[in-house]
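Accompanying notes for the structure given below.
As written, the chains take the letters A, B, C, D and E, and residue 1 is the first residue of each chain.
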Amino acid sequence: MNVMGLMNYWAFIFLMMVGFYILISQGNLVKKIVGLNVFQTSVFILYISMGKIRGGTAPILTEGDPIYSNPLPHVLILTAIVVGVATTALGLSLVVRIHEAYGTVEEDDIHDLDLAVAGGEDQSFPVSGMDARA
Amino acid sequence: MLAITALALVRLRNLFAVAMLAGIYSLLSAGLFTTLDAVDVAFTEAAVGAGISTILVLGTLALVGHEQKKARRSSVIPLVVVVLTGSILVYGTLDMPPYGDPANPAHHHVAPHYLEESEHEIGIPNVVTSVLASYRGYDTLGETTVIFTAMVGVLLLMGGLRKRENSGETDAETRESEDASGSGPVPTHGGSGTDPPKADGKKTHGEGDAHGG
Amino acid sequence: MEDRLILRVGAKILIPFILMFALYVQFHGDYGPGGGFQAGLIFASAFILYALIFGLDTAKRVLPLGFVWFCGALGVWIFAGVGVVTLVMGGEFLNYDVLAHEPEHGQELGILLVELGVLTTVFGVMVAMFYAFAGRRQVR
Amino acid sequence: MSPALTLGVAVVLPIVGALIILALGKWPNARDAAGIITAGVLFALVLRLVEPIRAGLRPEYPVLEVLPGVSLSLKLEPLGLVFALVASFLWIVTALYSVGYMRGHHEKNQTRFFAFFALAISGAMGVAFAGNLFTLFAFYEAITLCTFPLVTHHGTPEAKRAGRVYLGILLSTSIGFQLLAIIWTWQLAGTLDFRDGGILAGTASNGVLSVLLILFVFGAGKAAVMPFHRWLPAAMVAPTPVSALLHAVAVVKVGVFTILKVSVYVFGVDLLGTLASTMWLAWVAATTIILGSLVAFTKDNLKARLAYSTISQLSYIVLGALLANEMGIIGGGMHIAMHAFGKITLFFAAGAVLVCAHEKDISRMHGLGRTMPITFGAFFVGALSIIGVPPAGGAWSKWFLGMGTLEAGQVGLLVVLMVSSLLSLVYLLEVPVRAFFSAPPEDAHRGDGIHEAPWPVLVAMVITAVATLALFLYPGPLYELMNMVVN
Amino acid sequence: MTAHLPVLQVIIPLLAAPLCALARRGRIAWGIALATSWTTFWIAIQLLARVRSEGPISYALGGWAAPVGIEYRIDLLSAFVLVIVTGIGAVVTPYALKSVEREIEAAKIPLFYAAFVLCLTGLLGITVTGDVFNVFVFLEISSLSAYALIGLGQDRRALTAAFQYLIMGSIGATFIVIGIGMMYVMTGSLNMADLSVLLAELGPNRTIVVAFGFLTVGISLKLALFPLHLWLPNAYTYAPSTVTAFIAATATKVAVYMLLRFFFTIFGVVFSFDVMQLDRVLLPLALIAIVTMSLVAIFQTNVKRMLAYSSVAQIGYMILGISLASVTGLTGGILHLFNHALIKGSLFMAMGCVMYRVGSVEIDAMRGLGKKMPWTMAAFVAGGLSLIGVPLTVGFISKWYLILGALERGWWPVAALILAASLMAVVYIWRVVEVAYFQEGPGEDSSIVEAPLALLIPTWVLVFANFYFGIDATFTTEVAGAAARSLMGLVP
């Protein structure tokens, strides 16, 4: 097992997890979105690193340079980036509307307000147990 | 660098700083993409992550305020989840082909076809564009639709299409909405407190704050 | 904001260059990095710059929301329309080979058109989103 | 009309009747006439099926295939015919009675009442002619749902509570046990058809089949085998014709009928006799017989007393099925009819007392016999049949049941039957005795308002009472049909 | 043109969405949406007929044969799901007209239909595609439009519900992307058929195991598998009536379809169940979902929320069918996809009728509605009976197969639990029935009358379907059975 060959992946996984942590631990809705961005960007890095070939160049065909990196991950990630920004925009517009409706973008406060109005049940965003099966 | 930026994001509570740092994170990763030979991706990430996303976040912050409260919740459970997920991922990499190895299976199935055939099948040098627009053009159509969906969604939620076009002027607003609906006045939206009273006194436009930030 | 002269003049000089760059990115996408999406973004950012400096209302007079909105929808139609044309011309959906006599030319034409569609949508959507966020008054 | 088609028509006819009743809602006379006419036509139809059965025909009417191999189909066989004859005949009488009762009692929502009544009969016909377990289950559930609005007819909190118990127990047993048993049967036997000699023999071990039998017996919640009997007394809040229908015709008989049918055509008498749980269940039924009678003793409310009496009597039939011999099956099948006639007479009488004298409690019925002689006379006849003494029909079925216990070598069970009969003798005859031989209580203001019940009520009551007596004198056809079941 | 039906299935709504968005009046947009939904329904039926007679259809997009290009591949299962999704769309769209006019601002209605049609596009795209990354793209189309649609609810909690859904949905989508990436790095392919061959050659290894895990969790988030269902109750409760009816009847179904695709087609039965022992994880979760969520549903005061929890329980049934890993169980699970779409569609549409007239779906608001809105409440009762699983309704059919599947494996306690949960359904449905039929409404509020026919007719169409496919289930069982057999790798 070539540990050195995997170190890069592990670094990117660390970044992913930091983003994931921001996403699920922060109560501020804007920060959640930022966390989502960081999470997704790091996943993109992981993807792109999968397509890298040592000593390769960008997959733009030129004369006499035979080793190109794998173009397919690039294409996938281009699409994924666009999807990511679409999600971000929609999420942020929801945040703005939530702010108008509740006067706050803190999850805890929103939760309190909902409880006060409806006596409803727990509406927090627990994500625990998510990967019990991974 | 990326790691430091990311970790700083966790701790920072000034959201403007968070937004800027997130932009920096994107820029840094764009740089990384370049070194990984993904120039197109780098270009896009720079434009999207450091550009559009940051503008959107700043625009939002201008509307919702930029101080984050200290959370009441415990951060232990998320931490456990994250560590667990991360370890599983690391476990998953153990059988992954090593980084940068040309012998990886990923490089020997479909990718060679793109690299070798696209020149005479498509006839343009940028293989990424060939794949994007032709081999996997349908994905790109989907991507375009996603963007379009986002616009539909944002305008649906923010109501920016015809309402509030001339912000603050109520008569204009009614005129606009009549024009839009064509069937009498717009029913009041929302039941239990969806629309709080508009504070007309403060006419700060979003772009002003975004610019200032 | 209207009195920041340097900004206004600077922007007026800058914006044409940005637009040209966008076109370059669009048409150079076949040879180097770039393409419809990136070009659309740059187009949009040029215009957003304009809106930031000259004010949202001015911007909306130049490009009304209805128009950018139409662009967003139009791009999807261009892209999918190319696909429908290829269908009608007897190929599979998005098989550009049938667009011209030689497959290669067909491919080039097809890619050009769909990239144009992407550009149109991305431009329209980005500006529309900017309008939506910027046009919102702050509450409280 | 071919016999097979007649089966289908018999099921559909009451539904059509229900629609007609709904349509005629604004004209009460026409509506009630339509109800009675439908009932009459239905009985005539069912009666036409006797000849084919005697000729040895077993016509089938496959309606449609619901799942591959599982179909909705009707099939004529003697046991079902007995049940169908009883149900359709008593529907005429009950319909007649209801007219008088509902009007005399000034009930609301009469149209709804009669419509659901007709639907319930349709369900009963479906159960009677079911060609397989699936069909039986479908109609079984249909009856539960159609009678729910009847039980909660008054809409009072008490009625609602009763409705909850009713639905709760009937659905939990049918879905929880019966459905499980049916699917299990399908898995074991690969078919759900009712066949002579059963379908389960040799498909699984004795233990598994024993469990299956338990599921079937308790799954037929309508048979009110303890501990799933609570719904029956609870349902007493319903108007009396409903009680008559529930306790004599449709609902409870559907339950015991299901058990009989499953015993004969799914397990088969031979297999049943070898199962470990059969005798155990027989003793559960015996316990229900005794306990039901004992509880009936303690009830002062007449309808409640009759309800517990029903619980006790139903277990006679369950016991008959579980004796797993010819005599037991014949006795059980005959008891369906005998008990139906006897008990409906009792309920009719109880309803008449309620309508005319506004009395519910037995302790307040002293002396009523003098003003309402026909009513209490009919009650007396009904009681005789339930007790099982000549000259009422109940004597025959009890005779065969007794023979069955002896054939099975269970003297203990015979003793149970005897004791229970003695108990019922006391708690049932108390009513007419008080009514005829005691002086009215001091505080009762009798005399002016009280008279004999309205004529439709009286006619209905007399018909059933006479029929009860007739069944003693001419049990032949009934016996003949039941004999066909076992041979 | 018939050769192009697979792609037209997706492209027609995709082209219709911008048109809807540009329409100046709500009714025009509605007309476009209606035409679209009926056309797609027609196409789906054609496709199902073709798949049944000729076997799976493959369509190479752009003329590039798989695995180089993207392939559309329609087999019996996908054709069946297409019929479900488009069928519900075809019924919900006519219903939407009045309901949406009541609940959504007039100016937003064209956009509403655009988002609605986009959601349909996304769901159809997921179902027909044979390419794993394409699944992700169309998943996002359907998800983003769903977030926006849910956020349109009248209550402000709709916004937080939509946001919650967005966060959890995006986590799910990102997990799916990670899983796809890991599969790609091990095989170099994105085509499903290709992947299944390559993965089988490769045999199990740690990367594939983790990829499998991430895909499972990601899809489970989307389909609201317990305990990842937390977004669902709020989303269903506060979304506009039409949206709830549509999404409840289709979105989770398509997610279950994805799960089936990944487990059975790509990874294969052997890997999913013998190597990964997936059933050991899914079965307990499904059972817990069935029991606890049914219990929770009993204690809800908002009927839409009650039905939402019931949906989580019903998803448990589908997962149970999958985890039985037998033809019978799988048939039950696939049947329940179809049947539950009909059941929940009719129930939520009935609630939409109540919302239209009463303005609330709290259980207290339903007092006396049995008399005031007899057809609406009758539809609710009919749908409820189907949910309970009364014979001759579709609910019975799926329960039949699930119980049979459980008994075949000798798991009779599982069978007993399924039945116990049916009884819980009796309880929560009956709470509504009692309130509607046995309690008097507050005063003589004459404004509450029967819902307009434009709402009632589509509702009753679904109710009718509930009974039709419950009485004659030979067609659905045959299709579901054949689909199950081919998923299990047996010749259909």
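The definition used in the following text is that a residue touches a chain if its C-beta (ideal position, glycine included) is under 8 Å from a C-beta of that chain, and two chains touch if they have at least 3 such contacts.
Fair warning: this is a prediction, and the values are worked out from it, not measured in the lab.
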| item | value |
| --- | --- |
| Chains in simultaneous contact with chain C and chain E | A, B |
| Far-end chain from chain C, centres as C-alpha averages | D |
| Farthest-lying chain, centroid of Cα atoms versus that of chain E | D |
| Pair of chains ranked first by number of touching C-beta pairs | A-B |
| Chain A and chain C, separation of their C-alpha mean positions in angstrom | 26 |
| Distance from the mean Cα position of chain E to that of chain D, given in whole angstrom | 44 |
| Inter-centroid spacing, chain E versus chain B (mean Cα positions, whole Å) | 28 |
| Whole-Å gap separating chain B and chain D, where each centre is the average of the chain's CA atoms | 70 |
| Chain C, residues touching no fewer than two other chains | 31-33, 37, 69, 72-73, 76, 80, 83, 93-94, 96, 129, 132-133, 136, 139-140 |
| Multi-chain contact residues (two or more partners), chain E | 14, 17-18, 21, 61-62, 64, 133, 137, 140, 144, 147-148, 151, 156, 178, 184-185, 190, 210, 213-214 |
| Shared-contact residues (touching 2 or more other chains) in chain D | none |
| Inter-chain touch pairs (all) | A-B, A-C, A-E, B-C, B-E, C-E, D-E |
| Chain C contact footprint on chain E (complex, rising order) | 1, 4, 7, 11, 14-15, 17-19, 21-22, 59-64 |
| For the chain B and chain E complex, residues of the former touching the latter | 88-89, 91-97, 104-111, 113-114, 134-139, 141-143, 145-146, 148-150, 152-157, 159, 161-163, 177, 180-184, 186-187, 189-194 |
| Chain E to chain D touching residues, read off their complex | 385, 388-392, 397, 399-400, 403-404, 407-408, 412, 415-416, 419-420, 422-423, 426, 430, 434, 438, 470-474, 477-478, 481 |
| Complex contact set, residues of chain B against chain A | 2-3, 6-7, 9-10, 15, 18-19, 22, 25-26, 29, 32-33, 36-41, 44-45, 48-49, 52-53, 56-57, 59-61, 63-65, 68-69, 71-73, 75, 77-86, 88-90, 93-94, 96-102, 104, 106-107, 110-111, 114-115, 118-119, 125-128, 131-132, 136, 139-140, 142-143, 146-147, 149-150, 153-154, 157-158, 192-196 |
| For the chain D and chain E complex, residues of the former touching the latter | 64-68, 70, 72, 134, 137-138, 141, 145, 152, 155, 160, 163-164, 167-168, 171-172, 175-176, 179-180, 183-184, 186-187 |
